[in-house]
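Labels A, B, C, D, E, F, G and H are assigned to the chains in the order they are written; within every chain, residues are numbered from 1.
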Amino acid sequence: EFAKIDHHRQLRTGFPEVIWGPGKTPDQIAQIMIKMKERSPVVMATRIEPEIAEELEEKIPGLIYYPVARICTLKTGQIPLKSPGMISILTAGTADIPVAEEAAITGELCGFEVLRLWDVGVAGIHRLLSHRQLISQADVLIVVAGMEGALPSVVAGMADCPVIAVPTSIGYGVSFGGVAPLLTMLNSCATGIGVVNIDNGFGAAILAGQILRSAEKIAKKINPLQ
Amino acid sequence: EFAKIDHHRQLRTGFPEVIWGPGKTPDQIAQIMIKMKERSPVVMATRIEPEIAEELEEKIPGLIYYPVARICTLKTGQIPLKSPGMISILTAGTADIPVAEEAAITGELCGFEVLRLWDVGVAGIHRLLSHRQLISQADVLIVVAGMEGALPSVVAGMADCPVIAVPTSIGYGVSFGGVAPLLTMLNSCATGIGVVNIDNGFGAAILAGQILRSAEKIAKKINPLQ
Amino acid sequence: EFAKIDHHRQLRTGFPEVIWGPGKTPDQIAQIMIKMKERSPVVMATRIEPEIAEELEEKIPGLIYYPVARICTLKTGQIPLKSPGMISILTAGTADIPVAEEAAITGELCGFEVLRLWDVGVAGIHRLLSHRQLISQADVLIVVAGMEGALPSVVAGMADCPVIAVPTSIGYGVSFGGVAPLLTMLNSCATGIGVVNIDNGFGAAILAGQILRSAEKIAKKINPLQ
Amino acid sequence: EFAKIDHHRQLRTGFPEVIWGPGKTPDQIAQIMIKMKERSPVVMATRIEPEIAEELEEKIPGLIYYPVARICTLKTGQIPLKSPGMISILTAGTADIPVAEEAAITGELCGFEVLRLWDVGVAGIHRLLSHRQLISQADVLIVVAGMEGALPSVVAGMADCPVIAVPTSIGYGVSFGGVAPLLTMLNSCATGIGVVNIDNGFGAAILAGQILRSAEKIAKKINPLQ
Amino acid sequence: EFAKIDHHRQLRTGFPEVIWGPGKTPDQIAQIMIKMKERSPVVMATRIEPEIAEELEEKIPGLIYYPVARICTLKTGQIPLKSPGMISILTAGTADIPVAEEAAITGELCGFEVLRLWDVGVAGIHRLLSHRQLISQADVLIVVAGMEGALPSVVAGMADCPVIAVPTSIGYGVSFGGVAPLLTMLNSCATGIGVVNIDNGFGAAILAGQILRSAEKIAKKINPLQ
Amino acid sequence: EFAKIDHHRQLRTGFPEVIWGPGKTPDQIAQIMIKMKERSPVVMATRIEPEIAEELEEKIPGLIYYPVARICTLKTGQIPLKSPGMISILTAGTADIPVAEEAAITGELCGFEVLRLWDVGVAGIHRLLSHRQLISQADVLIVVAGMEGALPSVVAGMADCPVIAVPTSIGYGVSFGGVAPLLTMLNSCATGIGVVNIDNGFGAAILAGQILRSAEKIAKKINPLQ
Amino acid sequence: EFAKIDHHRQLRTGFPEVIWGPGKTPDQIAQIMIKMKERSPVVMATRIEPEIAEELEEKIPGLIYYPVARICTLKTGQIPLKSPGMISILTAGTADIPVAEEAAITGELCGFEVLRLWDVGVAGIHRLLSHRQLISQADVLIVVAGMEGALPSVVAGMADCPVIAVPTSIGYGVSFGGVAPLLTMLNSCATGIGVVNIDNGFGAAILAGQILRSAEKIAKKINPLQ
Amino acid sequence: EFAKIDHHRQLRTGFPEVIWGPGKTPDQIAQIMIKMKERSPVVMATRIEPEIAEELEEKIPGLIYYPVARICTLKTGQIPLKSPGMISILTAGTADIPVAEEAAITGELCGFEVLRLWDVGVAGIHRLLSHRQLISQADVLIVVAGMEGALPSVVAGMADCPVIAVPTSIGYGVSFGGVAPLLTMLNSCATGIGVVNIDNGFGAAILAGQILRSAEKIAKKINPLQ
């Protein structure tokens, strides 16, 4: 028994277990997905390279693959919207889009509305400033940046909501595969920022989802009749 | 002019600028606090060592010092409660308390209710399991841990809300002043975790506050009449 | 003479020399295995990739290959059981299985009984807690984990025997190829843990074997007539 | 409630909780020791600097302080011997003695017999070779070394029992406070070695104790009548 | 002869040798300063702590000490202005001022006009934007920042001149004594940035001075009659 | 909209946005280049591997590829000379040439005259000394070196102009992909050095260009009639 | 002119320039070798992979390739012996042989007698002790080791001559590509050890050669008539 | 027995054991020195801070202390010269002198002639070039440098003898306590360099002594009658 599926996780944490692809054989991934589908309306696997996805498509009827986000999914029917809130996702550059798409697709598959704003990095700050309203009215922001990773600091100084910072491995030399933007984000002198692992678009989306769900709970405390 | 106070920050982000003590002379801190008091009902300075606090108490009438949290504050009247939600703070060990108190006092000074649960680290997991209900009903959790920093992983696997993980510099040898628990938290296989800098109780509290405030906004979308 | 086989090692340490594959040509490995077979009932080579194994199978009649564990062996007859004790091996995830299998096969080839328990990581702690008895009754435990590597801390807090912690290179970003779980394990606030190199299932098994053999010696002190 | 004492740990793991001094106030340490004494025949606190020890001696009657090991203890009567086996401790140099004494005193307070052999580092290998018999007949070995930390490799190649390697922060330049000997020990090409954190004499002793206790259990399987 | 003064450096590079204080005895510093004064109108020593400065003041008549910049100097008469250009210096925070003052005083002692703008970090970007004109009209900019060090990226995206980025050791946790802002600056996606060592205000000023002097040479090529 | 082109950058900073190839699909690069050409006389993309360049050549008529520098460009007519000053580029070894060519081609495409001097590393210092005059008369120097990266220190000690130091990833073992020469350059005891990221020939050229342009501005202050 | 050959190096330092292969095109290597051959009786290029060697063999008649050492050479006639002394080379394991062969072939091509002793690592110390005499009578020793790199410490404690330690990239996990054995060697508590870069067999041989040549000079001072 | 003196080391390696001060109590150092004096004409202890030296002077009559080198010694009569060769020691700066003096005093106490040349770093290369003859005629060179540590590369390119490179902890920021110059020295593109640990003047001197002694042996091979 190579996998003990945590069917109970949705109940405990509000989100189902999601399969992390690397280090598993296509066969193992397929068996876990099929098993999970018995109990869950949406099954997801992340970090699936195109060749693996092709193998999986042969083994699992109905599989959908998002190549930019590298996500495979199996879903039954329409996914119901989980919150009136929205997840807004920004990237500093074009090369950060795959990580941002991992966040976006994860968010959508989990039932959240997602807004995408790509390539607004700080080297041309007017690009960001021209979206000032979008930022100040967001419910929760995911800010994805590689290289020096300065975007979350600037955004958090303008935003009136939690900011989730995602460093990417985009860069070279002393970006050290994303360590440099990670440090930038952790050291930010702006406040209200939570950081996730390098390239972890998936984790950012779940955290954003938790924030929106938590809002729901509190909304009920404010207005218990709903 | 050694400081350009960001009086506007409260409006933009919902939280006022807070003075970071290290690297400033007592005189500079005092001048900034007095200046800020003109516009803000609560003024805070963090990372204030006892000797500095004593100097500040002489310079600024009405100053309050929290020695465990190392926070100085100036406040006018009672702080109104900002949210029906609550910030729950856990520590793995006794030595992590000062960082957790920085978070707790910051949270309280910013107008949030705070629940404290100290010394429930994973080496004796029953201590944590006996508070299972507290965890599963929290609105937002701050989990503070040094050494190997495994507590947030276990908590996030049990919690139905966002978890803010705070690594501390408690430990020795290869804890590398908190780098080891930081890595643990960033690499967590549990989801819904946002990480802040080592010993950054202050930043964790502001992020928790942002999450609770965000709930407010969404509550209004659900019930726009409020 | 490219290799000086340490035929004497079995006598000195209780375990024979084992060939470490990387950096050796298939020809060198084959020559050493054939040479060792003259004196040893079980010959082992670790870290053998499938293509190398195929080459070796052509050169050495009777060679057995364990593809998940990446171990090649040559054995004469049944391996006699070395101890009434048992090695219990746990993994945090499915992707950690190859390292755990390196430990399991090594243990079995060295004459020990092995118990396998896969995919019981801390993100769903109930999976671990449901095997509480297995853990508290073990003779020696090998705990294999990548990513944040928190499993050994939790297990050691529940176990009444030595725990050998094996960090794996499974993970991404700041897992740094296994450095993060290694640090977690070395910094553990639980006690009774000895750590081995990243992905070193082999070394963990030999250490577990030494622990069980040591028991033998002490049993003789207790009851010298045996 | 700044500490949740794990009174149950002795039952679960065979060893009681031990107080780690750093980051606790003398008052906190004293309160915890006094509280623990109600239930435990031997109470220990490690990493206690002389000045703290003096304060504790004033607060707690009957306290004993071991200055080289930096351990404080409270004990009721004679400590019964826990095993017929023995813990043998070696150091590479004179400067490694405090860490080795932390292990030795811990071992003795936990009820084990301890053998000490100091200053037998590899630069004059004859010093080690002249104790060949001691090494080959040991039940469990703790090998403490700083600087390049080569001693455990050589010892493990000669020993017929588990070796626990303890890197120390003794050294300068690229010893990096003990990281260099730690790496040496983890990379050892000798087998049967488990490694603990830098300067962690305490953890080494508990692991050694677990090994001897485990032996006990197996001895009972061999000869169930005892 | 403990020092071989490079009297010739002014001729070769346009700037005289400057004494680096750390690791030299006050006596050595005094002897070198007195020796240099024979040939140079302005003698400088950097990184002089207040106590050392006091000792030097006793030994050397006419010595001037700048306590914030930690610079000692000996000068004969007024320093002639070296360029019509100006060095503009910005800091992100108040705590970065000492490093910026090291740059400012160095620049002034070398004969350049200096403009100071303190505490305009990116967390409140309007503070920076309100000085847009100052930035776009600068001849050469020195941007001093600790923590995440994002300021030079934003400034370089707005500036029409070379930007010299100076990381400071201000920060905590994963700022690693200035390594984090250093990496940020080296990885900047804005262009036209040259980086110097952590806290190296002195080096930044000399580089800025070289840039202004080089301008002079080219100005002469444009208008050879001057 | 995967890219927000910063058409305004030329006006703000004097240099147009340049496309950084890695992490973008050939299709994205082609679309951006074609879009930019509408407004800019010279369009550049860096870090383009030969296979990508071939794809681009098919998609974009008129594209020019510099294989050593790995730069693609689209230009309309002759590039006008931007300054009477010149950029002088040195390398320590033959293997550093590709990085130096990235700087050289960038400089030329931006309208500057470039002088190349290859393979004058410090192991045979006479090679450098024989070009003493070239160095002492330069307007701005770019010094490219891998391995130990000592060349900029020696050059800066001889030069009467700003030195831009470019570490390269040429080397092995503890050169750590260019980190070693980077550290050398940042720690230089010679003054007047600004450092850029590892292998960042492009950034060095833009900084050199800014320095020459800055000279222009100052020349105008000196002689406002020009 | 992509290479400035340092024809003068033989005169200055006693050894000719040697071509370092990586980062050079086969064409560049061939041109440099042919050029150097005009002035030097033995031309060498190191780090030449087999495919490059094949290309070179086509371009350069008379080229000899040593595949294990990865060295190409061009030589005219017999190489005269440079010293009555000998270079003795040891390896810890079989996998370290390629680096040791780089040293051995370099030594031989430079005119020194070389003695090879492979696979005498510390895990079976008797293998080393059985060559005690060889070690104590050596003129200069090169000791090559990967993994934990402990061999030079033990050898230097037994040797009556300089020891050159060469760390190799053989190992895995926390050997960090040779950094661990490098640290071991630099931290050695044995004396008389000089360390070179990871895998730098070439550099070790030249240093050994310098030591033997220096001996020559001193021998002449002792007996000036020779 | 806290120390096992290696009286035999002089016989095996040609140099006696030397006491490393840090981590030993003054009492331990005194006892070891007195014990060693019984068998050795010169006893040395290194890294002795002034206060410790004062305590030792009281305990041990006849003790001599070298404060710059931080070495204590006990000697009987004149030290006979061990070689006609000489150790030449260079430093890059004034602040490197203490490490160089550790080498110089060690060399002299071991019976070698020592030549000192301080403050000839590469920033003013003429200072070095003016001693070209001294360098090209040396028997063995010790080159001591902090900060960027470039001096050994330049010296080795000019020298006809082995070069021992000693990095020092002099510097700040990214010198990382001497790691930067260490890397520079290990990565040198000049040949004939052996590197020792940071600040290890002592080790450099012993290695230099070994080189000179080795010369002796070879001299005997050339002229066996001596």
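Methods note: a residue touches a chain if its C-beta (ideal position, glycine included) is under 8 Å from a C-beta of that chain, and two chains touch if they have at least 3 such contacts.
Just so you know, these numbers come straight off a predicted model, no measurement behind them.
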Problem - Contact-richer chain pair (by C-beta pairs counted) among D-G and C-G - result: D-G
Exercise for the section: Could you work out which chain's C-alpha centre is the most distant one from the centre of chain A? Expected result: H
Handout entry: Counterpart interface for F-H, drawn from B-C, C-G or A-B and sharing over half of its contact pairs
Key = B-C
Exercise for the section: Would you mind checking which chain's C-alpha centre is most distant from the centre of chain B? Expected result: G
Exercise for the section: For chain F and chain G, let me know how many angstrom lie between their CA-based centres, rounded off. Expected result: 37
Problem - Between chain F and chain E, distance of the C-alpha-averaged centres to the nearest whole Å - result: 25
Fill in the blank from the handout: Touching at least 2 other chains, the residues of chain C are 9, 20, 93, 123-124, 156-158, 173-175, 179, 182, 186-187, 189, 191, 197
Practice task
Return all touching chain pairs.
Solution key: A-B, A-C, A-E, A-F, B-C, B-D, B-E, C-D, C-G, D-G, D-H, E-F, E-H, F-G, F-H, G-H
Problem - Contact set on chain F toward chain G in their complex - result: 93-98, 118-120, 123-124, 126-127, 170, 172-175
Exercise for the section: Flag every residue of chain F that touches chain E in the complex, lowest number first. Expected result: 9, 12-15, 18, 20, 83-85, 136, 139-140, 156-164, 182, 186-187, 189, 191-197, 202-203, 206-207, 209-219, 221-223, 226
Completion exercise
So, in the complex, the side of chain H touching chain F is made of residues 92-93, 121-125, 129, 147-150, 153-154, 156-158, 171, 173-176, 179-181, 183-191
Handout entry: Interfacial residue positions of chain A with respect to chain C in the complex
Key = 1-4, 6, 8-9, 17, 20, 22-24, 28, 32, 47, 167, 169, 177-179, 182, 197-200
